[in-house]
Each structure stands twice: as C-alpha cells, then as structure tokens.
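Reviewing the structure listed below.
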Amino acid sequence: MVLVDRNTEVLVQGITGREGSFHTKLMLEYGTRIVAGVTPGKGGLEVRGVPVYDTVYEALRDHPGIAASIVFVPARFAYDAVLEAIDNGLKIIVVITEGIPLHDELRMIRYAKSRGVTIIGPNTPGIMVPGETKIGIMPAHVFKPGRIGLVSRSGTLTYEIARELGKRGYGVSTVIGLGGDPVTGLNFIEAYRLFMDDPRTDLIVLIGEIGGDAEERFAMYYSKLDVKKPVIAYIAGKTAPPGKRMGHAGAIISMGMGDYASKRKALIDAGIPVADTPSQVPVIVGEILSRRSKH
Amino acid sequence: MVLVDRNTEVLVQGITGREGSFHTKLMLEYGTRIVAGVTPGKGGLEVRGVPVYDTVYEALRDHPGIAASIVFVPARFAYDAVLEAIDNGLKIIVVITEGIPLHDELRMIRYAKSRGVTIIGPNTPGIMVPGETKIGIMPAHVFKPGRIGLVSRSGTLTYEIARELGKRGYGVSTVIGLGGDPVTGLNFIEAYRLFMDDPRTDLIVLIGEIGGDAEERFAMYYSKLDVKKPVIAYIAGKTAPPGKRMGHAGAIISMGMGDYASKRKALIDAGIPVADTPSQVPVIVGEILSRRSKH
Amino acid sequence: MKLYEYEAKKIASENNIPVPRGILASTPEEARRAAEELGGRVVLKAQVLVGRRGLAGGIRKASTPDEAYMIAGELLGSSIRGERVEKLLVEELVCFERELYLSLTVDRSGRSYVYLVSPLGGVEIEELVRKHPEKLLKISADPFNGYIPYMSRLAAKFLELPRREWGLLNSIMESMYRIMINYDAELVEFNPLAYKCGGGLMALDAKITIDDNSLYRHPEYLKLYGRELSVLEAKAKQLGFSYVELDGDIGVICNGAGLTMATMDLILYYGGRPANFLDIGGGAGRDRVREAVKLVLENPRVKVLLLNIFGGITRCDEVARGVVDALESSKRRIPVIVRMLGTNEEEGRRILEEKGFKVFSEADEAVREAVRVSRGEV
Amino acid sequence: MKLYEYEAKKIASENNIPVPRGILASTPEEARRAAEELGGRVVLKAQVLVGRRGLAGGIRKASTPDEAYMIAGELLGSSIRGERVEKLLVEELVCFERELYLSLTVDRSGRSYVYLVSPLGGVEIEELVRKHPEKLLKISADPFNGYIPYMSRLAAKFLELPRREWGLLNSIMESMYRIMINYDAELVEFNPLAYKCGGGLMALDAKITIDDNSLYRHPEYLKLYGRELSVLEAKAKQLGFSYVELDGDIGVICNGAGLTMATMDLILYYGGRPANFLDIGGGAGRDRVREAVKLVLENPRVKVLLLNIFGGITRCDEVARGVVDALESSKRRIPVIVRMLGTNEEEGRRILEEKGFKVFSEADEAVREAVRVSRGEV
C-alpha cells in the first residue's frame, strides 16, 4: 500500500465550493470513502449525502476513522485549512488548490514534515489507487489497475501517459501527483521510496518537466541504490520557451541543472530510459518487463 | 550511556567569557574532552589551551568529532548560539545560560525537537557522568560514580542530594539538570526514559519543586508503566510563599496542580516514595535497594 | 511584569481589540470630567496590580458625574489588599448579554502557546472551570505557526457565538497573538470578554504580563520594572535576586531557588520560621552577595542569618568576601550561620573562618543551629 | 513579478540597507538636475526588467550634468533587449574596493530559504561561480526560524570582511529576510554588494521579485502586475493563463503546463512549429476558454489551432462550449483541431461534433493532423 487504499476514510475540505462538491461526487462514484466535509460557516449542510462541518475537529469527533483529507479551498485560505488538518492529527493531506503563496507553501510543508504528515501537492491532481480509491481530481477511467507506479509533477500529462499505458494493457498500482508548484510536499525520491516498499508495484514511471533539479537529484539518488525497481522517465519541455529568470540566484542555485538536456543526461546516466513521446512510454515498459520475465 | 560519556567531544560556546573560561578549566580538570570553543570575533585565541573559533562551522571543520556543546553566552545572544549549534548538526546542547527570554526558549526548544536535538536546560547545571565527564558547572567532587540516576529541576539542591547520597556510599550513574526555567528541553518523563534504557542505572532520584505540573505528569506516566525502575522523589517548596499569580490563566491551566501537596500525592499514588528532607533520600534509597536485593 | 489594566487596554485597543471608552483619572475632579465626557453613567476601576480588586471594592459604578467625583474621592489614596490606589480608569457602562473568558498564555508542559476559552467568564472563572472542566477549551498554538484562523472557529463554536461574530473573534485572537509576541508577554487575558447586547465582542477587563527576562527588549517597560513591589523586594529585584518577605525570624540567603526552598522547608522541619526567601541566583559575585546580606539585615524581624550556599557557577570565595564586606560595613550585629560547599569551597571557608565565623558542612546541622539561635537556645 | 531597480532600492533603503544616493529621471532635463544635486559625477541606469542591461549599454557614467543630459537623451526612449527605457536612475558614483554577491531566495529542493554569498560579485557571477564552486557559500534559513545572526558571521568570514563590518552585514542580511517575508518575495538580490573604499557595504544594484501568487496581499504591486509583458501576454495574465508567444504557426491551447509542453514537444517531434505556449490552467470554464481561443486567433501567424485537453478538474463540456463561443464570435476562419478526453468528455465531444468539428482521441493523431494542416498538406 502506498499511503492510501480502499479503506481510507477521507475528509473533503472546501466541500461546498464548486470544485469541492463536483469532485466529491466523482470520488464517491469511484468508491472513495468520503465520510465528511468541512466548510466554515456551512456546518449542518449535506453535499451529495456527505455531512458538512464547520471545523475539522467536529468532523473528526463524529468520524474518528478519517485518515486523509483532500483540500479544495481557495488559495488564500489553503494555509489555514492545511494547518487545521495537521493540528487535528491527519497524516495525509492532498492539496488540490492552485496558486497558494510561496511562503505559505514553504511553511505548511516544513510544518507537516516536523509532524510526520505527508502533504501531496499543492497544485496536484491527487493520489489514486485504480480500482480502489481516488483522492483527487484525475479522470478515473484512464487509470486501469495494474502494477506500475506512476509519479508525476504534471497533472494532465499524467492522464495522457496513464492512458497510453492502459491502451497497451498496462495498469497502475498507485499514481501520485507531486504537484506543479516549485515547492511540494513530496519529491521524486520520497515517492520512489514509497513505491520501493510497495509489493504491488513492479516498475515506476516518472513524469518530470523542466525547471528545478528534482529529476537530477532523483537520478543521483537512484544511481547509488543497490537494490532497486526499474524506472522509466518522460520529461516535458524539450522545446519549451525559457521561463522567467530569477536574477542571478536562479542560475547560481541550479548550477546548470534544470533544462531538458541536463535532466535527460542525468536520468540516462543513472540507467533510467527516457521516452521521447508519451506513446513511447508503454513501448519501453514492454521492453523492460519482457527482459525481466526472461531472467 | 545516557546521552554522553568519557568519549564525548565537547564544544564550549561563549568560551572567552568569565563563566565560560572558568568552567572550561574545571571541566578540563575533570577530564571532559573539550576540543574547541566559539566566541564570535575572538577566533584564533586560546582559552586554557583550547582553540577558539568565530563560528561553530569552523570549529566543526577542524574538530569533526564534536558531539555536544555547552553554552555560556549571555541571555540575549543564547538563541543565536543555540540555533547555530543545531544548524551545524550538534545533537546535544547544554544551555547553562540563565534569563533567556521565554519566547526565545519556546522557539529554540520547539526547533530542537523538530531536528531530533536534545537541549539540556536552559538555566541548568548541565549533565555529568561521575568519573567520566562533566558537561556543566556542578561541583564535581560531590558526585561519586555509582548506579543512581539523578534528575532535577534545581541546580544547587541536586548537589546537596548528591552529596547526601555520597556520604552514605551511593554514587551516581548520570546526573541531568533539567533546568529551572518554565520551559525546558527535557522533562522528567523524557529523562526517565533515558535512565530506563541505561544498563548502568538501577534507581532514579527525582528532584522536583513546586510550580508547573511536570512531577504530576511524570507520576501519571510512571503509574502506567509495566516494567519500571524504582524512583524516589524529593520536592522542594512545601513552605514556599506563593509565587506571582499569572492572571486566571495560571490557575486554570494548572487545574489545582503545581503545589507541594498535589505533587506529593501524585507521586505517592504512583508508588514513588517522597523524602521529607534531602538527608532522608539516601535512607529511602537504602531501604529500596536492600528490599530488592532480598528478592 | 504585570501591566495595569489601563496599559493593557491601550495595547489591546491599538491592536484593534474593542475595549470600552475610558479615561484615566488621578483626582476626583478628573474623574468627574471623565464621567461627563463619557455621558454620565460610568464605572470607576481602581488601577492596582493585585487580583480580585472587584471583591475588595475596587470597582464601583456611578450614575452621575458628581457621584463619580465622590466615589473617586473614596477610592483614590485608599489601599486594596495592601496596594495604594493612585489612578482610576473611568469607563463607559457597557450593556452585555454574556461574560466570556479568553486568554493566551504559555503551556509549559506542552512547550507551546495555548488559548484558554470558556463561556464562564467573570470573577468566578477558576472555580467554575474546576467544577465544569468541559466548559474549558484549550487550543494549542505552535510557536512556529502562531495563530491560525481555524482556532477562532473552534473557539466561536465552543462559545456558541453566532456566525456574524466569527470574523471579530478571529481578529481578536489574531491580535492577542501579535501582542504576545510583540510585547514578549507571558499572558494576554480578557476576563470578561463581553458579548454585548445587540452583538459584538468587547474586552471589559484586560491583563497583560510581560516576561521579565525580555524586558531589555522593551525599554519603555524596563524603566517601570519593580513598581508593584515592596521597597525591599524592589531593591532585591534591581540587584537581580528573588526576594519575598515572610513573617519569621531566620533570615535566609541561598543560591538557587530549589536549595532556597529546601532550606526553608528544613527550617520549618526543625521547628523554626524563615523571615524571607532570598535566592541570589547563579554566579553572584562579591558585590551582589554583600548587597543581599545588607538587604536581609534591613529587616528588623531577623534574629539570625542563615546562608546556605552550594557552589556551582557560584563561587564560595566570592560569597565569603561578600558576607565579610556586608557585616563589616553594617551596624547590626546578629548571629550569622554559614553553610558552604562546592566551587572554591576551601578558599571561602578560610576567609570566613579567619574572620571568626563558624562554617558548617551539613545543611541539617546548620539549620538546626539557626533554629536554636532563633529560639534563644544558644 | 519583477520590481525595477529603483523600486527595489527604495525598499532596501527603507529597511536600512545602504544604497547610493539616487534620483529617478524621466527626461534629460530631470537627469541634468539630478546630476547637479548629486555633485556632477553620476551613473545613469536604464530602468528595465530584462537582464544584462549593462552589457547592452544601459548603464553609463557622466562626469558633468551636461553629459548626464546628453546621455539621458540617448537612453530615454531607446530599447534594451526589446524593452523601452522610460526612466533612468541617476546615482552618485561610489568608490569601492571589491564587488561581492549576496542574495536570498528559495531553495526548492531543500524546501527552505537560502542565502547565496560570493566574493565574486558583478555581471560575471554565474560563470565565475560555475568555474569556482568553492567561491559560493549557501546558507540555508529554515522557514520557521528565518534569519539568525550566526548566518552573517558565516558570510562575513567567507567574504573575508574585517571584524568592524560584521555588524553591518548582520543588519543587511536581517533586513533581506524581513523584505523577503514582508513583500512575499521570491528573490532579494544585491549584485554587486560593494565593499567601499575606506570601509562599509553598499548595494549598488538591487533585484526583488515578488511571488505572483501573493500579489493579492500587496495591492500596490498587484495593480502594476503584467507591466513587463507584451500586449497579448499581459491580456493572458489578466485572464489567468500562462502564455508565451513563439515564432511558429500552430496555435496551441492545452490545460496543464506539463501537457502543454509535451504537446509542443510532440509538434516538433512530428515536424511542426508551435506559435505559442498557452496553458489555460486547471478548472477553466467556458468564458476563460473562449478568451483563450480568441487570444490565439489574434496572432496573425497562426495557421491552425490545436487544442489538447485532458479533463481532470477541467471539464470537457465547458471547454467545448468556450471553443464554439469563440469561433462563432470571431471573424477569422482557420482550421481547428481538437483532442479531448477526461471529465465530461462525451458531452464535450457531442457539442463539438454537432458544430462539425473533428475531435480526436489520440494526441499523436491530432498533432500529426495539425502539422499536416500547417504545412498545407491537407
């Protein structure tokens, strides 16, 4: 099990909002055990049959089995909501919200770490175990159950690649969206460790993109492992325009890392094949799995 | 071993000050392995033969074996010094300094916990393993080596009781001064756990005082343990004048705990004998040890 | 350091916490004018730092400016639990439906800040909360994050405040945290926090206590430090001692609060009565010890002086020199019993014995000797 | 959002960071008067947001007010790397011995703040530090604690500053952190930070970048948001899109930065050239999609429009309605190729197919079709 499974009871923070209520419906349809929602000032309502509370405290009082929360609240209130979840003892918090101020993100992630809490996101499609539970906003039907772990910095690109995998008959054990913001609660190394320990995952597909050095750091980490599961990567942004320059500091701190060439080289040097297009991913998966089955 | 032993290499922060240099001498005489000192702006000097650095970073560069620090810097610079030690990776920090602002203490202790660092103090006489090492300011000669763990909120009272124990032939395995401030890095429960795991400690003497609820909390914790080492307590303040009143909040938060009667009752209810005078402590120790040896 | 109500309310008001309109008065005439300005019907509140002033008659209502003048005349210059009333806070009368309790303080065991919230505000809060612990909500605030808005939602639900008051409670609790940090406070307390007739929240009383160790960061309060103490206590505080006067006859000087308390306990255990609590703290040198001894000698009740010093960071030789200095410069001649051990013990003992003092090694012996002397048995 | 040098220096100065005396000038006459006031010998600095303006001639020295007038006439209204110069910062000349580098930014991987410190300040800092990594010191600052004075001692030793400058460096680094937090900055950078002739430190250049997501907390900058962008880019930003113009002919609209980049990569993989990067973000509704389509159609280079939408939080029916709205209200008639999957896919497909659009399921097929159309092969 990677963080969640079919039995995980889920709280929806921001359940009465447009996205919160819509995706509560989709998650419930998928079978996710959503047992309560929170929107301050809306306590006593119901959304799709789910009781709404004013505070996380009250939700937990009535539903002590809640183990994870998914956060849809607007960016300027997300920090408040995430800290409320942490302080009430929740250990897995999926932050869908986009556009949270950077300093708020830094503080909430730092605090979560100090409390042993896993934050998925912010700005993530969430986490999903196909056939069991979906704590997120991904279109469920493209993810088939299977034995591939999927970890990604990008939302829609993940759907694309999951669908390509599915077309060739490859299913997914768990998919984790790290989130698209510069600072996220999980990185590739931490997500890989979760998959490494998961007996239901044979192989990991890593979906990266230009910017930052998360892919290079993972490659460095992976290359030093003695026992490892195979990893395949796809990196978006080979032809992307250069992003905004962060003074000299951005260039100094990245030390030449962050562009497509750097990431591709680091991954290949670590023995990780890099696909050129999303549709190539299942082809490489097939090669690796058939090679392994011959051993 | 409880945190430190004869091999622990020690850094002295604030080594060039009056107290720092004086106690560096006494600690060196006792055999403590003081390998470096820090005083900003005094790098390059020597104190009692110990090299002085401007920064903890430089001290560690030259003496990578340093495992603990003892802090003598004045109260208004203590927060800076302790954070420097934590951020440079030291895991045991003994804060002798008295009078540190409360909010600074809260923050430094909270930070230390989040980094897995043990702070002893502030406002502590330190930690000592008689016959091996002294990282503190206690008068060494009253502490004889032995098998009693000593943990205390009070400095001088600890010396008093250690001396009473010594007079009757009982030595001390390790003595930990928790520190006299309202908020400290270790409490009785945490210190007891260290002694519980220490094969060199047979019995623990707990020296408490009125105020706060640390003794009551320890009694509650201890009463629920299945396997335990014997504990004997002495509590100072039976006849002390009431301290300053902290509005209603102080009374509300303590809920009747904090005075001598409350502490004594809680300890006795938990099966912990409470001595009336310091000189009674070794008498009770003797009773318990002889009862045990008859089993 | 405790602040007066009017000081605490000024800080509260500057931080957008609603408080009644109020005017400080030092004379009956000022009280009359204040009452006029506030519309006639007012409450006059004695500005003292001791607790429970209301029960001691320190809070009085007046229906007219003349009545305010009269009451002010009675209160000003009177004494409440030993503290002289120098100033009154004259405030408008506020109509309220409920008295709530709200404070922010430090949770020592939790090593954290904590908001205390109760619907049972007022003078009986402690007893009520002890009887009805379910009427108290503690909300822990991590020193890293401080106040987070969800805390006010917890409090608002617990206090059963209507939805329209949530925003105000949020702003009050946020301000309390800001005050706590900006003023290095140990306590920010509103009791009662009134829920007003027709809605709205207002701090009818306010207490703020500043951490003594942080006063150097607040020079405006540092210069007022010690104002609530007796003359001797204030002097002790200036010198950096902890000093409390008691009604016995054995003067006590020790180093360390624990040893001081244990020495007092021992005095009572052996049948004597301590005249004071005096902890010279850690590392006191010759000069501070001299002042400590002189301070105790100023108390006429003291028949015998007992020093119990266990040197750690404090050095026995410095203590010995300070004792000798004090006694040589003092006109009082009373018996002095010294018990001294620890850092530089030999030197300290030598200095004292050269001057003819008897120095003990055992606390029990020294205390028994002091008790005997105090009873005239020696 | 990047601030201009003069804005960043104003903030620095308000936070007690030394900067040269300077006056903003919008006309040559203002520049002359500024030079007179500053003593004649000045440096004129074009206020633009593009990097490396010095190498492009945007920083010029003048020895007299008349020369300042002349140079200002050349600079004002000129263009530096495509950005028009509207204002000059006229500054006193500062004598310095060394150019240092000092910045505070976010360490993404470390999830922390980080000070970057180097003795190799100046325009070549990036190359120099890459060649001499030992000349760069990174000091991590935990988001809980922020700046701690020891950090400046590490930096001072690394920069080999004399002891008398330590206090000033401490104050500068403390101020940088305060600016970082108070302005929700992503970057506070001084390059060079000059070590002046005769001592003292001074920020000769200053860069501050504010986190776009935090601009709602800074209304004074929010209203200036987007000022450095092209007209179309600014419009996109107002609408909440990420938009960058490129020089190809296939208009691209996708949801999610990753999918957008992957679609562009795929266009190039199949031999085409994208005209733009446009990510409508997550959860865009009908209205925003309509505006996105209209935006791309405004680019005359676009020969074909490719939408690649994979619905998650974005709903395909909303996208479909937005596309139909835009095309029905636009006068331009160009081929539109839609690839659409995910949330509410059936409904979206139905809406588009009713209007006669061809909707693909496979990205490769849609991209190949768009490339063929752009090449006139269809």
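Think of it as A, B, C and D in the order they're written, each chain with its own count starting at 1.
The definition used in the following text is that a residue touches a chain if its C-beta (ideal position, glycine included) is under 8 Å from a C-beta of that chain, and two chains touch if they have at least 3 such contacts.
Keep in mind that this is a model prediction, so the values were computed, not measured.
Student: Of the pairs A-D and B-D, which shows more C-beta pairs in contact?
Tutor: Top pair by contacting C-beta pairs is A-D.
Student: Measuring centre to centre with C-alpha atoms, which chain is farthest from subunit A?
Tutor: Max centre-to-centre separation from subunit A belongs to C.
Student: Express in whole angstrom the distance between the two chain centres, defined as the mean CA positions of subunit C and subunit D.
Tutor: Centre separation, subunit C to subunit D: 55 Å.
Student: With chain centres defined as C-alpha means, what is the inter-centre distance between subunit A and subunit B in Å?
Tutor: Centre-to-centre distance between subunit A and subunit B: 45 Å.
Student: Rounded to the nearest whole Å, what is the centre-to-centre distance of subunit A and subunit D, using the mean of the C-alpha atoms as each centre?
Tutor: Once rounded, the distance between the two centres reads 27 Å.
Student: Hey, how far is the Cα centre of subunit B from the one of subunit D, in Å?
Tutor: Here the centre of subunit D sits 53 Å away from the centre of subunit B.
Student: Two or more other chains touching the same residue: where does that happen in subunit B?
Tutor: 107, 110-111, 114
Student: Going by the contact rule already set, what residues in subunit D reach two or more other chains?
Tutor: Each of 142, 144 in subunit D touches at least two other chains.
Student: Flag every residue of subunit D that touches subunit A in the complex, lowest number first.
Tutor: Touch list, subunit D to subunit A: 2, 51, 101, 103, 105-109, 111-114, 116, 118, 125-126, 129-130, 133, 136, 138, 142-144, 180-181, 184, 186-187, 189, 191, 207, 209, 211, 213-214, 216-217, 244, 246, 254-259, 261-262, 264-269, 274, 277, 281-283, 309-314, 341-343, 345, 363-364.
Student: Enumerate the contact residues on subunit B facing subunit C in the complex.
Tutor: Residue positions touching the partner: 19, 23, 26, 75-76, 96, 98-103, 106-107, 109-111, 113-114, 123, 125, 136-139, 142, 152-160, 163, 180, 182-183, 187, 207, 209-210, 212-214, 217, 234, 236-241, 244-253, 255-256, 276-279.
Student: Which of the residues in subunit D end up touching subunit B in this complex?
Tutor: On the subunit D side, the touching residues are 140, 142, 144-145, 148-150, 153-154, 157, 163, 166.
Student: Show which residues of subunit B lie in contact with subunit D when the two form their complex.
Tutor: 40-41, 43, 54-58, 77, 79-81, 83-84, 87, 107, 110-111, 114
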